[in-house]
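First chain A sits with chain B, and in the next complex the same chain sits with chain C.
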Partner chain A sequence: MAHEGRVLIVEDQREWQVELQNLLQDFPYSIKTADSLQKASDLLKNHVYDLVLLDLRLRGWEEANFDGWELMDTLAVLKAEQGTQVIIVSAYGQAHHVRDGFKRYRIADYIDKKRLDPWGFQQAVAGAIEKAYELRGKILDAK
Partner chain B sequence: MTRESRVLLLEDDPAWVEQFRSMLPTPPYAICVAETVEDATRLLADQSFDAVLLDLRLRDWEEDFSGMSFLDVLDRAYPRPSVVIVSAYGQPEHVRVAFKQFGVTDFIDKRKLDVSEFRAAVEDAVSRHRAQSARHLEPDEKREFNVLTRKFFSGEPVVFEVPEDAVNPWERDTDLTEED
Partner chain C sequence: MQCWEYLTESEVEKAMQLAEEIHPDEQRESEDSRRGQEHLAEVEKLKYLGVLAGGVAHRVGSKSGLIRLHVQKLRRLIPQEAADAHAVLDKIERETEYLTELSDVLFMPANAAETPVGPVDVNQFLAQAVRQAIIPSDVELTLHKENVPSVVGNRWLVEVFVELITNAVTAMSKSEKKRLTIRPQPVDESRIAVVFEDTGCGIAPEDISKLFTLFYTRGESEDLSGRGGYGLWYSKSIVTRMGGDLQIESEVGKGTTARVLLPVEPS
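Up next is the complex of A and B:
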């Protein structure tokens, strides 16, 4: 059975916010959304999340805009302190984002919006939340 | 004395082979080159390597990513060398599969290759492999395993000798169940 989980969807497009929420509606997750970098930063400052689903292009009308990536350093700190996991969900990520995501930031997964498979997405989310629980347990034990 | 670092390089472009050789001097690196997945598979069955440097496009076709198929072969190798992919054409999905499914230690873009970062990536791959294999088989077991792997890849029958007094684990499990 899936863990209860607190999920933050960082996504500027309303239709994608709805799509991702719909895919997770049958699971015991509480879901918040942020449609900008600023809103995401504010929420992350004041709340603990098990998982952040991060879009990279948060101003969809601007090509070559990857402002979602600017959250990665903050998210790395939250991972170390609270176990928060990250799945990048993007249609425009480039190979170097995926490489740095896995190698530098140890993201839980990278999902290409253009090939989103509902079952695979749900599995990735459940796995990441489980990982967040495990990691938080280790962080608490170490304290 | 530092042990040599055995590297299998799967790369079809001679200019890049030279480039890699110049970045990884002998000693401590001993580089074995394969131009095709088939050659690399044979070398892998014959010898053990600390790291594999893997190009993805091994034929001059736009949609060729045959190097990815070697990841499947490597996944069955034991002990499994660390893998660094070095490619100019990797797509986000290749990078994802390489890290997530096959646990590569790095994915380097040939177009932005930085010599010191590259060397650091190879050193890291080699040391990870050594740390991992040190926890696994003893040298004699490794040798026996390599002989069996070589036979398997060459199509020779592989025969496991079972001592006469060996207990069949399936029968043992049945006995335990009956006792319960």
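Up next is the complex of A and C:
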């Protein structure tokens, strides 16, 4: 049985917001979307999320623009304080982002939009939410 | 012009002759500067095309991902018995895969430009490329390990090297003698060259200038699905964005030499 989860989708393309939500509609998740860095930051400031699905390029495509990546430091703090997990969902993430994502920020997963497998995506989301619960439990115990 | 006062008439004549002889050098200099300007224009063109291709690739890649999801939804809606409908979906999926691959390729120069650069040992990258490339056993490969300084680059250079090895191997498929020699060598203080020399079929002079054009194929390298025609384009784009260059010389029936020029890491 999947945990109830609070999920934030940070994604600029409307079609992808819809598809990602559709893929998660049969699960007990409450889902919010943000199509810009600013909106995502505002939501993260005022709400607790178990999982953030993060697109790295939030203004279509501009060479060397990875504004989504700018959230990583904020998300690292939220992970330490609230257990919030991150899955990067991107069409063209960079190998160094994937590497840094896993090594430095301990992201839960990386998903390639071009070849997204629905079942794999749902598994990754459920696993990350479970991890968030676990981590939050440990944080609370430590307090 | 005080010096004239100290020269005899014959000496003046001699000086004039010398000046005339110097003239071709001036011409050569202006030729060099013209080539330099042409090179700069070419670098700009490649950069512009790389950015444009990156934008197209991002959209195509993102949309192909959506098409894939929609096809999967249709599969669930169409009864299993409707084999004809599923066969059509198979075809859509195959074409979608082609679009995704195409977007991956179109994105390569942008991808390389976005990847941080650092000091690269070309000997190490060449060894990696040789392991990665598919080289038939009848190809006599000589990889020279030379003591050259580190260059400025990133892992995408391996892709470039693999591409050049693959091209050489393909060009030699019908050659009697199949010899590929790879050698890094210093050019001057600021650059080194990595030279790939094959004994393949060679390229006609009129075709050489077209080699770096996106989607240009010389027939044999393009298969029926319309793939091919981008390897040298992305290779040239990648190395020029790193401050290097890719040059190709060839003689029909004798072979081809590809030179990857790369900037030396400042010490």
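Annotations
Going forward, the second predicted complex is superposed on the first by the 141 of 143 C-alpha atoms of A that agree within 3 Å, B and C clash if a C-alpha of one lies under 4 Å from a C-alpha of the other, contacts with A are read in each partner's own complex, and residues count from 1 in each chain.
Everything below uses one rule, namely that contacts are C-beta pairs under 8 Å (C-beta built on N, C-alpha and C of every residue); 3 or more make two chains touch, one makes a residue touch a chain.
What you see is a predicted model; the values in this text were computed from it and never measured.
In the superposition on chain A, A:60 makes contact with chain C only, not with chain B. Of the two partner chains placed around the shared chain by superposition, neither chain B nor chain C is touched by A:45. By the touch criterion defined above, A:118 lies against chain C but remains apart from chain B after alignment on the C-alpha atoms of chain A. In the superposition on chain A, A:96 contacts both chain B and chain C. Touch counts on chain A: comparing chain C and chain B, the chain ahead is C.
By the touch criterion stated above, A:143 is placed in contact with neither chain B nor chain C.
Once the two complexes are overlaid on chain A, the chain A residues touched by chain B in the first and by chain C in the second are 94-96, 112, 115.
Across the complex, chain B meets chain A through its residues 90-96, 99-100, 106-107, 109.
By the touch criterion stated above, chain C contacts chain A in their complex at residues 51, 54-55, 57-59, 61-62, 64-66, 68-69, 72, 100, 103-104, 107, 110-111, 113-116, 155.
Interface of chain A with chain C (complex): residues 13, 15-16, 19, 23, 57, 60-61, 63-64, 91-92, 94-96, 112-116, 118. Considering their complex, residues 93-99, 102-103, 109-110, 112, 115 of chain A touch chain B.
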